[in-house]
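Both complexes shown next keep chain A, but they swap its partner, so chain B is in the first and chain C is in the second.
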Partner chain A sequence: MSDQPAAPAAHRAGSDVPFYVVMGGLGGSYVVLIVLLLAADLAFTSPGHFAAALAKPEIQYAIRLTLVSCTISALLSIWVATPLGYLLSRFQFRGRWLIDTIIDIPIVLPPLVIGLSLLILFHLPVAGTNLETFLQEHVSIGRRPFRVTYAQPAVVLAQFAVACAFAVQTMRVTFDQIDPRAEQVALTLGCRRSQAFLQVALPQAWRGMIAATTVAWARSLGEFGPILVFAGATRMKTEVLSTTVFLELSVGQLEAAVAVSLLMVIAAMTVLGIVRLLGARAAT
Partner chain B sequence: MIELDDISIRSGSFELRRVSLSIPAGSYAVLMGATGQGKTTILEAICGLRTVTGGRVLLGGVDVTRRKPADRGVGYVPQDLALFPMMTVRGHLEFALRVRRWPAAAIGPRVTELAQELGIEPLLARDVRRLSGGEAQRVALGRALSFRPQVLLMDEPLNALDEATRDRLCELLGKVQSASHLTTLHVTHSRAEARALADRLIVLEGGQLYERPVADLEQLPDEMLEGTPRR
Partner chain C sequence: MPQLTPVRPQRRRGNISRPVVAIVASLAMLAILVVLLFQGPPQPGTTPATTNNTKEGQEPLVVYCAASNKSVLEAIRAEYEKAYGTPLQMQFGASQTLLASLTVSKSGDLYLPADDSYLAMAKEKQLVADEFPLATMQAVVAVPKGNPKKIEKLADLLRDDVRLAQANPDAAAIGKLTRQTLTKSGQWDQLHARTTVYKTTVNEVANDVKVGAVDAGIVYDAVLHDYQTLEAVAIPELAAAKANVAVAVLTTSKRPRQSLHLARYLSAKDKGLVKYREFGFQPAAGDAWNEQPEITLYAGSMLRPAIEKTITEFEQREGVRVTRVYNGCGILVAQMKAGEVPDAYFACDSEFMKQVQPLFRNPLNVSQNELVILVHKGNPLGIASLKDLAKPNIRVGIGHEKQCAMGWLTQRTFDETGFKSELMKNVVVQTPTGDMLVNQMRSGSLDAAVAYISNAAGAGDALDAIRIQGIPCSVATQPFAVAKDSAHQQLVQRLLAAIRAESSHRRFTSEGFQWLAEGPPAHE
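The block that comes next holds the complex of A and B.
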């Protein structure tokens, strides 16, 4: 009997169907879970509940504050994340690991702890005062002292503190994927570092910037813990949609809570859809 | 003129120690050596993209060792070309001129002159992502030459091109160099490229640079020719 292997033509690789079934089954189970959650919410509520929730002045206020605060927080995040992501991607320097670790803290910590830490930061006595008091005494808007804690700025700051970490990660990966060689050539052509960044690196990073802004906006929309601790959940003042769900639940208004939840889903899907559409159009 | 006076370069575990080189003004020197010997590192040291730990880099007799890449007057064509993907061909030819604040009235004529010389005039409005390998190569060369550098450095510029395109570009490089008398250092693994262009042959071997007669090209060991057809 011969020990020689079979001729190549005799080999049959077999069907790929099991591969697609297993991969699709495992991956699809998560998609099915999300769809079931949304379907359950939709089945629980009715157009009447939805209309009633939207008619409430406090919910209308929460919608407005949510849109404004998420947008400000996302813009602040991309403003900070772009330079920080670039520096971490391009430069090796002593202590970089420490900065990496610090930036990851808001991602791994429970968001509630970020809120608590913000509260402590603004009220920690230093030299006979604290940051909150100092700001109220030295900064004003019109004739009103500038308040942060338990006011609208606290909502934005709580959202930004968490969302920015995700934006930084996105921008860092974006710049990691852009070959630094083009910037090096720009330097030989006569550019300063800043010109190489602005004229060569940044125009290549626009997709990442859209992604980072989207991530920051979506993350801000879903933020609840740090807002509750640092900004409070005062109706018609610091109430955003995530706190509305909590407030409606706490007074037994389950239908209103579900209606607002669905509103958040619609808001998130609308923003993500618009941003992706803009990105796809700009790419063609 | 390009002079390396006893330069040392360290990058992680890789090190070049006390390397010297002298290429007279107006020469076309070809640098050959086995992969991983440090040819690209030497080009980067001349450009100012890599810090030298000892010795001096002189261009046109001026010590530029501590100068930034922008202030060395070196045109650089890297191996992967590194074109700017969001720019047109015209944008590439104008880039250095705008950064160097050439008068607006001088930029247009210089771009036209370069485009004619390199045969890319019909491509000026084209996005560089839609160029063929040979066209991209001409654009990278035009970008490097645009501001009239005193030295041109090219790192395996004709790699990954088909033979006919490579021959055409070899001819173009020779024409451009003889018209501009630009001091040129060209890294390659191709004996055919070296034969067509070199008036000086530099070999990197055992961490040192040696000048050899161009006629020695035919005796170079195979490891210096790897990765390209050994014609």
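The block that comes next holds the complex of A and C.
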């Protein structure tokens, strides 16, 4: 008699635990892996290596350049990715598939190839000159000619070339998930396209934009192949933290490489934390 | 419907503000960051420690340097910048990545790859102007300190309890070298079968040993200088596996003189090579450092028109001084026998090299020259062969037998004719150089002279040359040799390379010489 009502309750209580165990176990295993990796890194290095790395002016410069270049490329990415993601999501036009495919190229191509391609692009002889020479001859910053290759702009460009593709993907999915009806209603109420975009679509896409910026920033931070080829790894000039890790590794300074890697982790967690916090506050 | 109208403007204003604020804010942020981006260090390519010593506004020399040479180069660079104020901009990376970069960008001053196999590739691409040997590296087995697995010979690497890492023979030079050496001795296949992992660079192999992922790895001994927890085991089977490190001055360098100065500094046995030894390399036999080195070259007078310009260019490009002593080769030989030995000797004929051969390294034949009969333009006396020179009342000039190769050769040629005594009756003057004969011909004091065809090259307007037929020894060969005791072996080798270059070849040819120094300049 009491079987009937009790059974479902007992059944329900019994089935939830395995659910949490399985879900938590599967998901948690990845978190545990990352934590273990960090723990291993920490065990391999020492506070001394950490302090030594931080004290070097080259590393300090690399930290600054990393933060500045990553942020520039993330901001540029979101400036490009928002309109591009919106257009691809909202409009059907001829050749859209082609643009879709082109945007995927930086994601599927090995990063080194991007760097090499940038290098070739800037040095391809066209009409007796090339892009790099042309820029140096016609553009100047202060009194110095504007250099791209092997200079700071190359770092940003190399990061942007890859990071932007990820931002575009994120923005596209963001706009895909926003119901276009609200914009259509705004249009029928007399809004122009620009107003519908700025006042209706964009506020809803806020979280996506934060996500896209974050992805682009993180991607730029980890970028290394194209920077090495296109910007070089010149100390106090184009050396960013990811290339520092490579340079330290290539001379067998594993402890220093790990210390710098952990610095990158700290920098990334701080910046991404701030961005998420700002995003969450702005979204409410 | 009408009641919506008062509400809309308010909501719109609220909605506009956020995107607009975000847009303006992000633009402002971009602007600030771009300014920050260009606010680099005060001087590009210099560390703060050396900024004060580098000259204001001087363009840095760009050095493409293999990551494996980073530590030693950073040490040398600090000293160099301090001493000379020329800022250096180092591009570190993997040798092949750097090669790809400089091939595409066609810029940069020096290239210092991990070993000279990459220089060979750079040479194929016409990127190398000069090459300076720096050090050699020996292939060894890297093991943890104390050698816990007791690895002493190749057979130990084949044991089941030893995990071995190697560098990929197709990607890394050390791998290629190991494969070559062991294939020759027939041991490669065994080792290949027992190799646990192949990595792409020699440092990755050492890193694997360091973290304990493998028990042993085949690496260059110099690499282990940076690994305090590892030690090198020299196994006899790999004794022959050695690689050279060399730095190249690139053809793309816009400031070859400064680049060569740096390259000479790097390869000087009392400058850069000291550091190379400190960092675990076996340094090459470099020249002693000298701000502006001076070398002495003895050369036969006949060679002067062919080499003078090349040497002047060499001096300007290298920033060095070459003291030339041109004279008849017999006189030069006498000077050398008296104890005055130059850094290099460019003889007018092999015969004169043989006499002082013990003082010099293996000579290299550069050019050939031919004896001819010089007559006045239009050949008014109708001279067609040596026989005609024996006719009465012809004033003949020849080179001095003892003082120059040309004179010596003339005598040998006369011997072959069978009428030497008749010929010698007409000889009114014997000069130590062919140039003097040409001058005397021009002044009209001679009717004919026996000299090199190259002597007549500059006097084509006044003189004609008549070939001497059927006497093979009328041809002289000019060898170049470096003195064994020269303190500037590398520099003299580069001078030889300059003399063997294409531009020099053209000068020799236009002066009437035949070219013998084909092929790429050898360095050893």
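Going forward, the second predicted complex is superposed on the first by the 254 of 284 C-alpha atoms of A that agree within 3 Å, B and C clash if a C-alpha of one lies under 4 Å from a C-alpha of the other, contacts with A are read in each partner's own complex, and residues count from 1 in each chain.
The rule is short, and it goes like this: contacts are C-beta pairs under 8 Å (C-beta built on N, C-alpha and C of every residue); 3 or more make two chains touch, one makes a residue touch a chain.
Because the structure is predicted, anything quoted here is derived from the model rather than measured.
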Partner with the higher number of touched chain A residues, chain C or chain B: C
First, second, both or neither for A:128, with chain B first and chain C second: neither
Touched partner set for A:179, first chain B, second chain C, both or neither: first
Chain B versus chain C as contact partner of A:203, first or second or both or neither: both
Which superposed partner A:120 touches (first chain B, second chain C, both, neither): second
Partner chain in contact with A:47 - chain B first, chain C second, else both or neither: neither
Touching partner for A:18 - first (chain B), second (chain C), both, neither: neither
Touched partner set for A:187, first chain B, second chain C, both or neither: first
Shared chain A contacts, counted only where both chain B and chain C touch the same residue: 195, 199-200, 203
Touching residues on chain A, where the partner in the complex is chain B: 179, 181-182, 184-192, 195, 199-200, 203-204
Contact footprint of chain A on chain C as seen in their complex: 12, 15-16, 18-20, 26, 29-30, 33-34, 36-38, 40-41, 44-48, 62, 67-68, 70-71, 89-94, 97, 100-101, 104-107, 201, 203-204, 206-207, 210-211, 223, 226-227
Partner chain A, residues of chain B touching it in the complex: 47-49, 68-70, 72, 74-76, 78, 80, 82-86, 95-96, 99-100, 143-144, 146-147
Touching residues (chain side chain A, partner chain C) in the complex: 57-58, 61, 64-65, 68-69, 71-72, 75-76, 78-79, 112, 116, 119-120, 122-123, 132, 141, 149-150, 152-153, 156, 195, 198-200, 202-203, 228-229, 232-237, 246-247, 249-254, 282
